[in-house]
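Paired with subunit B in one complex and with subunit C in the other, subunit A is shared by the two complexes that follow.
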Partner chain A sequence: MKLLRLVGVGFSMALRRSVAFRVNLLFDVLLAFTGLGTAVAAVLIVFTRADSLAGWSKAEFLVLIGTYQLITGLRATFIDPNLSWFPETGIRNGKLDGYLLQPASSLFLASLSLSSPLALIQFVLGLGVLGWGIAGQSLSVAGVLSWLVLVVAGLVVTWALSVLLACLAFWAPKLQLDVFFHSAWQLGRYPTDVFARPIRVILTYVFPMALIASVPSAALLRGPRLGVLVGGVLAAVAAAGLAGLAWQRGLRRYTGATS
Partner chain B sequence: MSAVEVENLSMSYRAPVRKGGLRAALGSLVKREYKTVQALDQISFTIAPGQVSGFIGPNGAGKTTTMKILSGILHPTGGDVRVLGTIPWQRRSTFLKRIAFVRGSQPVGGSQELTVMDSLEYQRLLYDVPRPTFRRTLADLEALLDLEPLLERQLRALSLGERMRVGLAMALIYRPEVLFLDEPTIGLDVSAASQIREFVSEYVEQTGATVLLTSHYMADVASLCPRLILIDHGNVQYDGPLAELSARLSPYKLIRISTQGDPTAFGEVIEKADGQWVLRVPRDEVAATTGRLLQAMEIMDLAVEEPPLEKVIDQAYREGLR
Partner chain C sequence: MRTAVLLGFRLRQEVLEWSGAWWFLLTLVVQAVVAPLIGLFVWSAVYPDDPSIGRYYVAVILVTLMTESFEQHTFSERIYDGTLSHELLRPQPVVIGVIGMNLAIRAWLTLLGAPIVLLAGIALQVGFDWSAVLRSTPYVALAAVLVFLWTFLLALTAFWTDRVHAIVGFGGQLTFLLGGTAAPIALLPDTWRRVAEVLPFYGMNGLPAEIASGGKGSLGYQLVWVVVLVAVVTVVWRIGVRRYTAVGS
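Let's look at the complex of A and B:
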């Protein structure tokens, strides 16, 4: 409860801070529109030539892009401000020392206490594209619910992956894999069906980008499958557990960044 | 029960080493050599509740490392530590709410765009301070630290002295019982530094807090700390009152006199300028020498002084304690 309130207060303070910069606001909106616009345009162009791509129709593709954008927006709002470029922004400037002194979970403070509210624009645009995609489709209640569950699972996995990446800093302080992570993230915007089998296996089980958009969208459009649902939840629990463990182990090794 | 108990505390870490030059750099790709750095080597001390202790030593002696361990940031590699009866690096919330660690080099963390008041509000939430208590403490701190003009300013726009005052306010808003102050006056001008000193002693008087303070400014130590702990090379070299340390390090006192005559015969002259002389005399001969001086010569003014603390400490850092 206290943690939620801390996020709330942090969010409101960040909002106050960011509305002060009007030009920034304008450019963030423009940037979000362009990013999403190009993704949608590409899909529209492809579908002038074909009716389906790897078994996905145009509307289904839009649902997928919407879901992907929605999760990306939430990540950019709540996770990235804390964990991207963690060795530099989180450790070397002494922020972690500060978090370790505060009476709340250090993992929470280091991974979720800061937010950048403007990135929520991406989330809203994602919702728009999602609405566009599902307009005219018949959805089942079970499908919507399982979509929700899987989106939450996808978010948890996203958070856990970012934490694990940040934890690398405790073992290899010079290693920054953020660029790699962000490129791999881009793969989430395509249904895994379009990839060759080996890549599909990797994206499903090793680096589960499939969970970000493909799996929830399929559940929304084609109805829930118990196996997928259980698998998604289990993946989320396992990833979160692993992240917590890595964080604890990492702190044990932490020898301080400032003198 | 002691507020701080440290027994055989050790901290070592492995740091990669290589010689200069490209060849050594390439060599280290294949075979990496490490050197174990012993930052702390079995140090022990205890601090009673309400005691203010000065923690001194040259740069790199292990002061900050010790403080980081005592406040729970680092896990030591050996030894036992209890602060307020608990092991710091377990980092229990109840423990963290009772201690504060303020660093002069980075007094205020967090988002620099926030105003001072916003940051204090955040602390209130984080440390679960009830609103009435918060208001009362804030009023006290405002008066003591002259905070009022700062409350609506952004953190990043504060001067160094103001940042330190705000840093202290943020730490003390939850009324910690144990205070670790790491060079709280570093970089401050004379009056800002003395304001911080007065504030610390006032806070201690009001709340009975236990304080461990490091500083390179002897004025801080001399005015605040009845007890000194001197560490060097990761070992405790001295633990006791300040006066005793300077007596031990410097078996001399200084006699400063104004006279027209020549007092060379009474002691070693270490300074002379237009009728002003400073003589260095063994401690146990000070009374006798003064008597003889007053009898033998026409003295206009006379003062007996301790050697400057800076000099004494400098000697301790360079030569160690015998």
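Let's look at the complex of A and C:
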């Protein structure tokens, strides 16, 4: 409860800071629109040449893009402002030292205390595309519920992956994998069936981008599958546990930015 | 001649400096190849029996690696932190440093990305007509100039706004959509295709890749855009420098 209150206060302060710069707000809104527009346009081009892609229709693809955008928006709002470029901002510049001295969980402070409210525009636009995709589709209550559970699981996995990448900085402070992570993230916008088998296996089991959009969208459109649902929840629990463990191990190694 | 010598020195210096950041360069390679790789997989799924799709996208990956530009990081940040002042005081054009770093990064990206291109080529059993590859050289060179000019032009907006990354990001989206990465422009709907053929983005990416994979195209179209962008960059640079106030002055 205390942590939630901290998130709320941080969000409120960040929102007030953000709206003070109206031109920046305009830029962020425009970029969110064009970014999503580009993604949707790239898919619509494909559907001028084919009726389905890897078994996904145009409407289903829109659901996928909407779900992807939704999670991307939440990641950009609550996770990226904390963990992006962590080796530089957290370790080398000594911000982590400050977190360790504060009376709250250092993992929480380092991974969730800051936010970027303007990025929520992406979330809202994602909802719009999702609505566009599901218009005219018949959805089951079980499908919607399993979509919700899998989206939450996808978010937890996203947070855990970001923490794990940040933790690498405890062992290799110069290793900067943010660009790599953001590049791999783009693959989540497409169903894994589009990719060749080795990439499909990696995206499902090693770097589970499939869990971000593909799996929840399939559950929403084609109904829930117990195995997938349980697998998604277990993946989220395991990823979060691994992230917590890596953080603790990393902190044991950490001796301060100036030491 | 003096400019060429200065550029040579700067290039050597930058190549050596970046050689220590090979891991970061490798992540930049991954970033550069992801969009064309997605295009490759998507269009191969649409046309599974068409070998020209694989050939085209392998060429796009290579062209992208050879023409990547990061002036929003290498140049705009110097405006923001005020270190552009040091460059302005040197007895040489500022752009020499920018071009030197640009060429050094491209050389490293091409070198580090070559195995990915080879791997993709072998995996897809792509065969190239080497005379077409040779014929594409001037197109690739002009594409490199165009991408640099376009990115540098957008990076110059840092004189007016601190949202240069958003602006360059928007420019990247246009290049992705209309330059031949999202789809070969022959596959775009008619109206889009006509627009794409006129705008400069096709000359930055799709055109050299098409030539390398056996297609035809016009060098004149690229040259016209080079002239236009050089003129615009020159004007914007002059206005921007007049506006620039160094940090700490």
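We adopt the following convention: the second predicted complex is superposed on the first by the 258 of 259 C-alpha atoms of A that agree within 3 Å, B and C clash if a C-alpha of one lies under 4 Å from a C-alpha of the other, contacts with A are read in each partner's own complex, and residues count from 1 in each chain.
We take it that contacts are C-beta pairs under 8 Å (C-beta built on N, C-alpha and C of every residue); 3 or more make two chains touch, one makes a residue touch a chain.
For clarity, every value in this text was computed on a predicted model and none was experimentally measured.
> Quick one: subunit B and subunit C on subunit A, clash or fit?
Taken together on subunit A, subunit C would fit alongside subunit B, as the superposition shows.
> Which angle, as a multiple of 10 degrees, do subunit B and subunit C span at the CA centre of subunit A?
Rounded to the nearest ten degrees, it is 90.
> After superposition on the shared chain, which partner residues are touched by A:9: those of subunit B (first), subunit C (second), both, or neither?
After superposing on A, A:9 lies in contact with subunit B but is clear of subunit C.
> Under the stated touch criterion, which partner chain does A:252 make contact with: subunit B (first), subunit C (second), both, or neither?
So A:252 only meets subunit B here.
> Would you sort A:103 into first (subunit B), second (subunit C), both or neither based on which partner it touches?
first
> Pick one for A:19: touches subunit B only (first), subunit C only (second), both, or neither.
Neither partner.
> Which partner does A:139 contact after superposing on A: first (subunit B), second (subunit C), both, neither?
So A:139 meets neither subunit B nor subunit C here.
> In the superposed model, does subunit B or subunit C contact more residues of subunit A?
C
> With the two complexes superposed on chain A, say which partner A:230 touches: subunit B (first), subunit C (second), both, or neither.
Neither subunit B nor subunit C is touched by A:230.
> Which holds for A:38: it touches subunit B only (first), subunit C only (second), both, or neither?
Second partner only, subunit C.
> Once you lay one complex on the other using chain A, what is the shortest C-alpha distance from subunit B to subunit C, in Å?
Distance of closest C-alpha approach: 11 Å.
> Provide the residue numbers of subunit A that touch subunit C in the complex, in ascending order.
Spelled out, the residues of subunit A in touch with subunit C are 23-24, 27-28, 30-31, 34-35, 38, 41-42, 45-46, 48-50, 53-54, 174-180, 182-184, 186-187, 189-190, 194-196, 199.
> So in the complex, the part of subunit A that touches subunit B is made up of which residues?
The contact residues of subunit A facing subunit B are 2, 5-6, 9-10, 13-14, 17, 94-95, 97-98, 100-104, 106, 114, 251-252, 254-256, 258-259.
> Residue numbers of subunit C touching subunit A in their complex, please.
23-24, 27-28, 30-31, 34-35, 38, 41-43, 45-46, 123, 161-163, 166-167, 169-170, 173, 176-177, 182-183, 187-189, 192
> Considering the complex alone, what residue numbers of subunit B touch subunit A?
Against subunit A, subunit B makes touches at 13, 64-65, 68, 71-75, 91, 93-94, 96-97, 100-101, 105-106, 109-111, 113-114, 118, 121-122, 125-128.
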